[in-house]
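These are the structures in question, set out in turn.
Consider the two complexes below, in which chain A is the common component and chain B and chain C are the respective partners.
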Partner chain A sequence: MSIMSELGIVYALLGAAVAVLFAGAGSAIGVGIAGQAAAGVVTEDPSKFAKVLIIQLLPGTQGLYGLLVGFITLSNIGILGGDIAQIDVKTGLLILAACLPIGIVGLLSGIAQGKTAAASIGIVAKKPDQFGKAMLFPAMVETYAILALLISFLAVSGIKIQ
Partner chain B sequence: MSVLQMQRISICALKKDRKPILEKLQSMGIMEISLSLEEDKDFQKMDTMNARMSFEKAAAAADQALDILESYAPVKKSMLSALEGKALVEKAVYQKVTDQKEELLKTANRLYALDKEKAELKANILKLENQIESLKPWLALDVPMNLAGTKKTALLLGTMPGPAGVEDIFRILAEKASKIEGADVQIIASEPDTVYLAVLCMKTDVREVEEALRSAGFAKPAQVWENQPAKEKVYLENQIREIKGRISEIEKEIKGEAAVREKLKILSDYYRVRAEKYEVLGQIPQTGRTFVISGYVPKQNAQEVEQFLSVNYDCVVDVEDLKEGEEMPILLKNNPFSASVEGIVESYGLPHKGEIDPTTIMSFFYVFFFGMMLSDAAYGAIVAAACFIVLKRFPRMGAGMKKSLRLFMYCGISTLVWGILFGGYFGNIVDIVSEKFFGHTVTVPALWFVPLNDPMKLLVYSMLFGVIHLFVGLGIKGYMCLRDGKVMDFFCDVVLWFMLLTGLILMLLPSDIFASIAQTQIVFPAAVNTLAKVLAIAGAVGIVLMSGRSSKNPGVRIALGAYDLYNVTGWLSDALSYSRLLALGLATGVIASVINQMGSMMPNNIFGIIGFVVIFIVGHLLNLAINLLGAYVHTNRLQFVEFFGKFYEGGGRPFNPFKTNTKYTDIKEETLT
Partner chain C sequence: MKDLEYTYAVARIRALEVSLLTGASIEQLLSCATFEQCLQFLSEKGWGDAGGELDAVSMLKREEEKTWEVIADVAPDMNVFDVFSYPKLYHNLKAAIKEVCTEARNENIFYEDCKIPGSEMLHIVENKEFDRLPGQMAQTAREAYDTLLHTRDGQLCDVIVDRAALDAIYEAGKNAADQIIHQYADATVAISDIKIAVRAQKTGKSAEFMRRALAPCDSISVEQLMKAALSGMDAIRDYLAGTAYAEGALALEESPSAFERWCDNRMIETMKSQKYEAFSVGPLAAYLIARENEIKTVRIILTGKQNDFPEEAIRERIREMYV
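Up next, the complex of A and B:
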């Protein structure tokens, strides 16, 4: 048996890595962008700390979605239990493909949501009473991360592993 | 469940009753002053600008004094003190404070003056310290610095760029001022880049010497003292000590006034309320003997106000319904459960004229969806219990805060219910703990089903709840059209859409796509299938023909209709948006399981158990916090974007009654008598 045909588990793990890696990176960048804006507001008015912190956290969810898909993948392929399943190349690649949506959408939407969150923090700085509306703009971006999560999740949990 | 109907109330009374009537209205706090009368030669407005300004200034002075007290003698506050709300003050205490208001104001001003003096003294210290700093290099000089010299000799003090030694300076003098009789150079201090020197020469040579030195960078000191530098330093240090003493005296004096804090709070509120009263006083038109005041009052209170005023004073009170087209201020009135989401509606915008208050209908969906998104029984119980305890513990917290907490309490209960339905208790903690510590796995069965095992089922239900939510929204639009008598709008914009959408859904249900999602084949009798097609086609044709009815040109009309039909994709994306109900619920459960899994990797001994507990508490707290935020944001989004998008615009003006608007205290007072 050639080494190529044993790579299934590697592809599967690569899938989990892609989900966690890119989505996590997206969130890290997004939260970072929003955090810079938040820190600026707090230097001027420390009493707005709680409000801007909440908005700063909004782009953080993509990382969690990536973690979710990564975790489901790991537990499906048996890496968590120490009882690694036999996975052929096709299944491995299927799992990798299933992980791509949340990885890529998580990365891009995390960054975009971070920018929107930074702008929303600007709203809170000038009109603190409009907090409810300010929170909504970043949430609009997140919808697409949720849709990607859904497809990744359904695909990963739908792939049958012998 | 509604917007309170307002009425216009106009009061014409005698000037002698002006003060008590205004005060009564203010303490009742149910009337928004709005005057439609213009000034003319009979009715004139009083200029209360000055009085108002002085009250506002007094309130600001009290606030400032409170800030000063807070910075000198801070009161220890617990983390939850922000929830405590305003203190309740007895009327007698209030009276006592207002009796000594002059005195208190003087105290406030004195505190301000003391604080200012301290700031000035601190600046002085800085100045003196700078002087000492620039004096330091000269300390070795044992004559006063302003000494010009003796009868025959002149003393030059100054700095030169270093490093330079005595020989260098003699050489400069020898080169540049060779004719002089002689000079004595002494280096007082030497720093890496500056040397401080004292040069003694004959008075006749002084100009030549100075010029020679200056060509090499010699400069006179910026500051010259009359004393010997060493003595001067002692003098300056003494001065600093004195000033510091005075500062600590000031601090002590300010701290000694800490007891006056509560009184200052009342004082500040007293002036704030009076300023507001004078603002209204400045608005009302008056004649020589009478005055007129007019504004909005909720219909349910109008009778009360009218009766009270006409019984107690000589006045004419006129209550009338609002004129057609007059925009009334909005005050919402809901049952206690639904009132808790009023804050959410407010943050979107109050209903504008003619819109119905969506609060009641929204409140049920809000709590329902929130619970579904968080969907963990233990988290729900924690949130509900925490909110309940805080609500009981701090009964006097602000009304807005109270509403939000109550809302979260209901959402927590809903989360608890959903958690039991889905079998989530801190994720899968029961399984993990029973397996790890007791050897055999115990699973708490879900009352309904476990979403993780059957996600497609929950997806279908999410869409179903979504479609119900959206249809209710469209239904409310229909109701508003009917109420306003716009039957045509009702039929074209609501009924046709209902027909189209219902038809499409009925066509989708028996299809293969749906069967593969729901994993069950739905078979309708042929009649239903035909009905579905008829409904969909009739709806679509109707929309194409009728949506552009405002346009006369038939071509444009059809084009507008076709464009409106394109909105069907909007409905599709709205319905898909509800998939977040599934996704967020999964996120809570799976991340909770990740935390449990991490905890279970600890060894099975005492340290392992401690580690497990730490991971458990920290992990679940974080998970709860982030998912609470997620559930809140996304429930809001479903209401604001999907639900309100169907029928609600908002943009009403909030009711802003003339009331005792205090900052620190509430005065215990008899309400309507």
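Up next, the complex of A and C:
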């Protein structure tokens, strides 16, 4: 078996890794930023714990989207079932490309959503009755992570593997 | 990413801003019939120590301490706040030099909530360990000490130290990475210069005195302000009318206390934009200034109530609140 024929599965696995790694990192940074803000508010007013916790968790979804795409990729290439498919370089690169949207958008939107969530936690700190509106601002960022998830999901599912 | 260091601090400050006094709270305080009722009202708002005696001086002192305790607790880098503590630091230097040179000891003349508290400053000046002082302060201390010792001119000593304080504030503002600190420093120096020029004009001070006392800054030309002060009060107003302090000139026409109030209100106006910042040192700086402003306003009201001043006289000195 030549090195070239082995590279297909490597690219496919790299795609799964990109989806999980970058989207997960985006969520970790985002939840971390929002968590700092949440801790600041709870230090002064522990009664707002539940509200700020919900907002803090919003940037966590990108990591789940990355995990979903990574899981489907691993399932498609047979790594999960133990029956690894023969994947040529072209198909491997196609899978890598399909995983890029959720990887890159997951990273950037996770960070952006974390910042927005931290600012929204400031709203809850001053005006707890405006919790619903405060939730909406970080939720807007979510739209773009969902769009990236959709494309990655459709692309990974649509690639034919022999 | 550096501003993200302030995420925790800003969120905590946002939660604390809820307990700042509003304009309505100040009205309520003003409508209290007696001084004791005012203290009771403030105590219910959480001022002073819980369960402590209702004493105005200790209550206000405790509130100042609480403010700095919060800032020290949340700020990732306290050096950013040096610009706000310089007035207290240089006041301690001035007080220590006078205590040592006059060999007199007075109580409660030092600030304790700054980098070099009173006892340490006194020790430094007594033993002439000026090199322990930060930056240009060592040179200032030496000059002020020698001047007071040789000339016994307390005012000249004050001018040397006050000018050095203004220079230090301006320098710290210029070197600050945050625009809001720069604005604060520049406005502080400019307003101090205007106050010095007005007082110098009223007491007929010379150009040499003013040149020594006025500190350069971006928004005011010291030379032009000095020339205006030498010409008269109208010239100061005319000069200010062409600067960012034009409204201050109108307040100056009204009364000195109206001008003081305008200065504080302007600073609060400048800081109000920080209510919408989430990731910089600005909200911390604004909180610090807002707290100082409300403590000053409460002090004015309490003093007025204690001395049975008419409500109008107190009201004209009341500052705008941050929230």
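FYI, the second predicted complex is superposed on the first by the 161 of 162 C-alpha atoms of A that agree within 3 Å, B and C clash if a C-alpha of one lies under 4 Å from a C-alpha of the other, contacts with A are read in each partner's own complex, and residues count from 1 in each chain.
Going forward, a contact is a pair of C-beta atoms (placed from the backbone, for glycine too) under 8 Å apart; a residue touches a chain by one contact, two chains touch by 3 or more.
The shown structure was predicted, so the numbers you read here are calculated from the model rather than taken from an experiment.
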{"item": "Most chain A residues touched (candidates chain B, chain C)", "value": "B"}
{"item": "Contacts of A:64 with chain B and chain C, given as first, second, both or neither", "value": "first"}
{"item": "Touching partner for A:118 - first (chain B), second (chain C), both, neither", "value": "second"}
{"item": "Partner chain in contact with A:126 - chain B first, chain C second, else both or neither", "value": "second"}
{"item": "Touching partner for A:84 - first (chain B), second (chain C), both, neither", "value": "neither"}
{"item": "Touched partner set for A:44, first chain B, second chain C, both or neither", "value": "second"}
{"item": "Which of chain B and chain C A:10 touches, first, second, both or neither", "value": "neither"}
{"item": "Which superposed partner A:36 touches (first chain B, second chain C, both, neither)", "value": "second"}
{"item": "Touching both chain C and chain B, counted on chain A across the two superposed complexes", "value": "none"}
{"item": "List of chain B residues in touch with chain A within their complex", "value": "344, 347-348, 452, 455-456, 459, 576-577, 579-580, 582-584, 586-587, 590-591, 593-594, 597, 626, 629-630, 633-634, 636-637, 640-641"}
{"item": "Contact set on chain A toward chain C in their complex", "value": "33, 36-41, 43-45, 48, 115, 118-119, 121-122, 125-126"}
{"item": "Interface residues, chain A side, partner chain B - complex", "value": "54, 57-58, 60-61, 64-65, 67-68, 71-72, 80, 130-133, 135-136, 139-140, 142-143, 146-147, 149-150, 153-154, 157"}
{"item": "Interfacial residue positions of chain C with respect to chain A in the complex", "value": "4, 7-18, 74, 278-279"}
